[in-house]
Amino acid sequence: MDVELIQRAIPVLLKGLATTLEIGLVAIVIGFPLGLGFALARLSSNRSLAAFALLYSMVFRGTPLLVQIFIIYFGLGQLQFLRDQTTFWWFFSDGFNCATLAITLNTAAYTSEILRGGLMGIPAGEIEAARACGMSNWLCFRRIRFPLAFRLALPAYTNEITVIVKESSLASTVTVLEITGLAKRLMSETFAVIEVFTLAGLLYLIVNFAVLLVMRSWLEPKLSMHRTASRPVFWFWPHRRRV
Amino acid sequence: MGIALSRLLWEDGWGLSILRGSAVTVMVGVLGMGLGMMFGLLLAAAKWARVPVASQVVDVYTVIVRSVPGLLVVYLIFFGSVEFVARVGTFFGYADEFQSAYSFIVGVVSVGAIAAAYAAEVFRGALDAIHPGQIEAARAVGMQTRKLYTRIIGPQMFRYALPGISNVWQATIKDTSLVSVTGLAELIRVAYIGAGTTRQPLIFFVIAAVVFFVITLFSQAAFGLVERNLNRGVRAV
Amino acid sequence: MSKGKLLSCLLGLMFAAISTSGMAAQGTLTVGTEGDAPPYSMADATGNVTGFDADVARAICAKLDVTCKFVVQAFDTLIPALDAKRFDIIISGLGITEERKKKIGYSIPYASAPQYFIVPKGSPLAKLTSLPPLLTALKGKSIGVVTGTTYSRFIAKNIPDATIKSYDSLTQMESDLSARRFDAAFDDGSSWTDYLKKPEGANFEQVPVKVVATDDPSTLGHGMGVGIRKDNQDLTKKIDVALCGIIKSGQMKTMSEKWFNDDFSLTCK
């Protein structure tokens, strides 16, 4: 284990960590509302809207993210008339923008499935009661359906967040210098393959652990406070749960 | 546009390359999935039977492989294990063939390793879902352990695990796209080379996406059929 | 088949395999190359490699009386893979640098091409004629290079404020260059003669500032050599002899002129 190598690698990889987190944040902030929109579209009574949402979900979940990134980065870059539009090209010439767009669209599809499951899992009685009270559609959604659906979907969405963090590594294939991209560059300079990639893997592990910790030990119990009065628990010691 | 497309596919020979690439992709997916399921079953059994040290090791393995990006797993196995594969190859006297099949082996192993971690979780959930009373009853009747596994635990576990396994398969066939970075001539790599040579990336990558989409639809139908078959006679709740 | 028979069959197979393993891999030389860098190394979908490097490899194999077998991989993965014994030698425009010498051994240098910057036609950078003003003019711009090459080290060292866009292969970099995804590209002059002839290179020109290895030998190195593992001294000597023969017979000059329209070969002492 070359200590000097590790000392040299860490600041470089931490710079990549910032980019990885950027990609993840954009994907969550834009992908979640987008996924919610598609979920509602799937469940709406408008047939064409539901069909469009279904098609979107099938296309983006049925094809690999790598192909989606390549289509947006290489494919769109090929079309000359798009290259001539200044604002369009200013956005799409950068690998970061293309990769983040692809990841966002991809996660919106998976999120729509997760939230659809959540929305469908609400007991029918609650919705009936809301309507009986005279709540409008929007009020019912804001006060009853969305909070309940979110709580039901949270474990699955936590999973999806860890997937987003992992998928950000694919951005390295289109010149984005996040953790994996910098790790490859470091490897080609120092030739220390195992050390550099192990360090990179460790960084991803830490980020995902942090995400899981926040979600499982804080957010989930916080949303279920009416059911459990116990203290927060670590997700990997289930036998300590007192419910 | 249709004429240009057909010229590209037939005369320039890309159609054949794409077909060959798709075949390689499916092979890597199937072999990787097979490896993953076998290994995952072992891991799940160790965890379910609460074998003392093995359970913790299984936990560590699944947590690490599920938290680290697939791309890193592929890179690590690609660079980290050349010596091992070379030695195995020379031992069996097929050094040449092993070297040329190296990317393929690395692809299958990395895809299998990732699939095993997810499959282990699915199988563990399925094993937990079997009512312990059934196992107790079987032992009370004096059933031998081998019969217990093949008559009671096995069939039920597969039935409960099937939806999860179909999810793992969907993820696995898409993970094969990561193997393209090792240079293996699978579908994405062929599309990449074609895109570079003919300077027409859009058409090649869209074709690749369509092929994956078709494979996904096919798999969904196939799994649905198997599920219906396995659930014959089970009372709908 | 009974258990005993099965066991003896397996043992017999293993024995046969071990005894024949000595016959494997004699008479072939596995060459690692990148396959994605015209005109040095081009590989099509079936794995057939052409280009200057492929010709050099085949000439060496002919001299050593072995058959050449090519393994195509991304450039920055060639040295780790050589180390891990995935192939015997690397012939892929591999520059000889001190840093790389720490990891692998080299043959004698066989060619050396100057490096140039490529910019879009009409760019003010194209009017510069010497290196120092060019380096200052490139501050803050985005420059495309191939990962792991001596050229990427040169840019990283001499123009630290430039945004470096690293690509896994030359063709990918050229494709993004045509798409104007960055301001300038830096690579071998021989790669550019090939690129500027193509239709996508029509709107680009070479900055007339010749960058040679002596401008910065710590990053640019001392010419191209064949990469060989350090412990393989026997093979190194054989390849040195073969290369010398190829250079002295004028074959290297012919091959260089065929692919680069210029003689980039070096002399053999």
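For clarity, chains are labelled A, B and C in written order, and residue numbers in each chain start from 1.
Here, contacts are C-beta pairs under 8 Å (C-beta built on N, C-alpha and C of every residue); 3 or more make two chains touch, one makes a residue touch a chain.
Quantities reported herein were computed from a predicted structural model and do not represent experimental measurements.
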Item to check | Chain whose mean Cα position lies farthest from chain C | outcome: A
Checklist entry - Looking at A-B and A-C, which one has the bigger number of contacting C-beta pairs? => result A-B
Item to check | Chain centre separation (chain B, chain C; CA means) in Å | outcome: 35
Checklist entry - So what's the Cα centroid distance for chain A and chain B, whole Å? => result 23
Checklist outcome for this item: Separation of the C-alpha centres, chain A versus chain C, in whole Å, is 39
Item to check | Residues within chain B bordering two or more other chains | outcome: 79, 181, 199, 201
Item to check | Touching two or more other chains - residues of chain A | outcome: 74, 77-78, 173, 184, 193
Item to check | Touching two or more other chains - residue numbers and ranges from chain C | outcome: 77, 80, 175
Item to check | Footprint of chain A on chain B - complex, ascending | outcome: 59, 63-64, 66-72, 75-76, 79-80, 170, 174-175, 177-178, 180-181, 188, 191-192, 195, 199-202, 205-206, 208-209, 212-213, 216-217
Next on the checklist: So in the complex, the part of chain C that touches chain B is made up of which residues?
Outcome noted: 17-18, 20-21, 23-25, 28, 30, 36, 43-47, 69, 71-74, 77, 80-81, 84-87, 169, 171-172, 175, 200
Checklist outcome for this item: Note: in the complex, chain A contacts chain B through residues 58-59, 61-68, 70-71, 74-79, 162, 166-170, 172-173, 180, 183-184, 193-194, 197-198, 200-201, 204-205, 208-209, 236
Checklist entry - Which part of chain C faces chain A closely enough to touch in the complex? => result 76-77, 79-80, 83, 99, 103, 147-148, 153, 165-168, 175-176, 179-181
Checklist entry - Across the complex, what residues on chain A touch chain C? => result 74, 77-78, 83, 89, 93-95, 173, 175, 177, 181, 184-185, 187-189, 191, 193
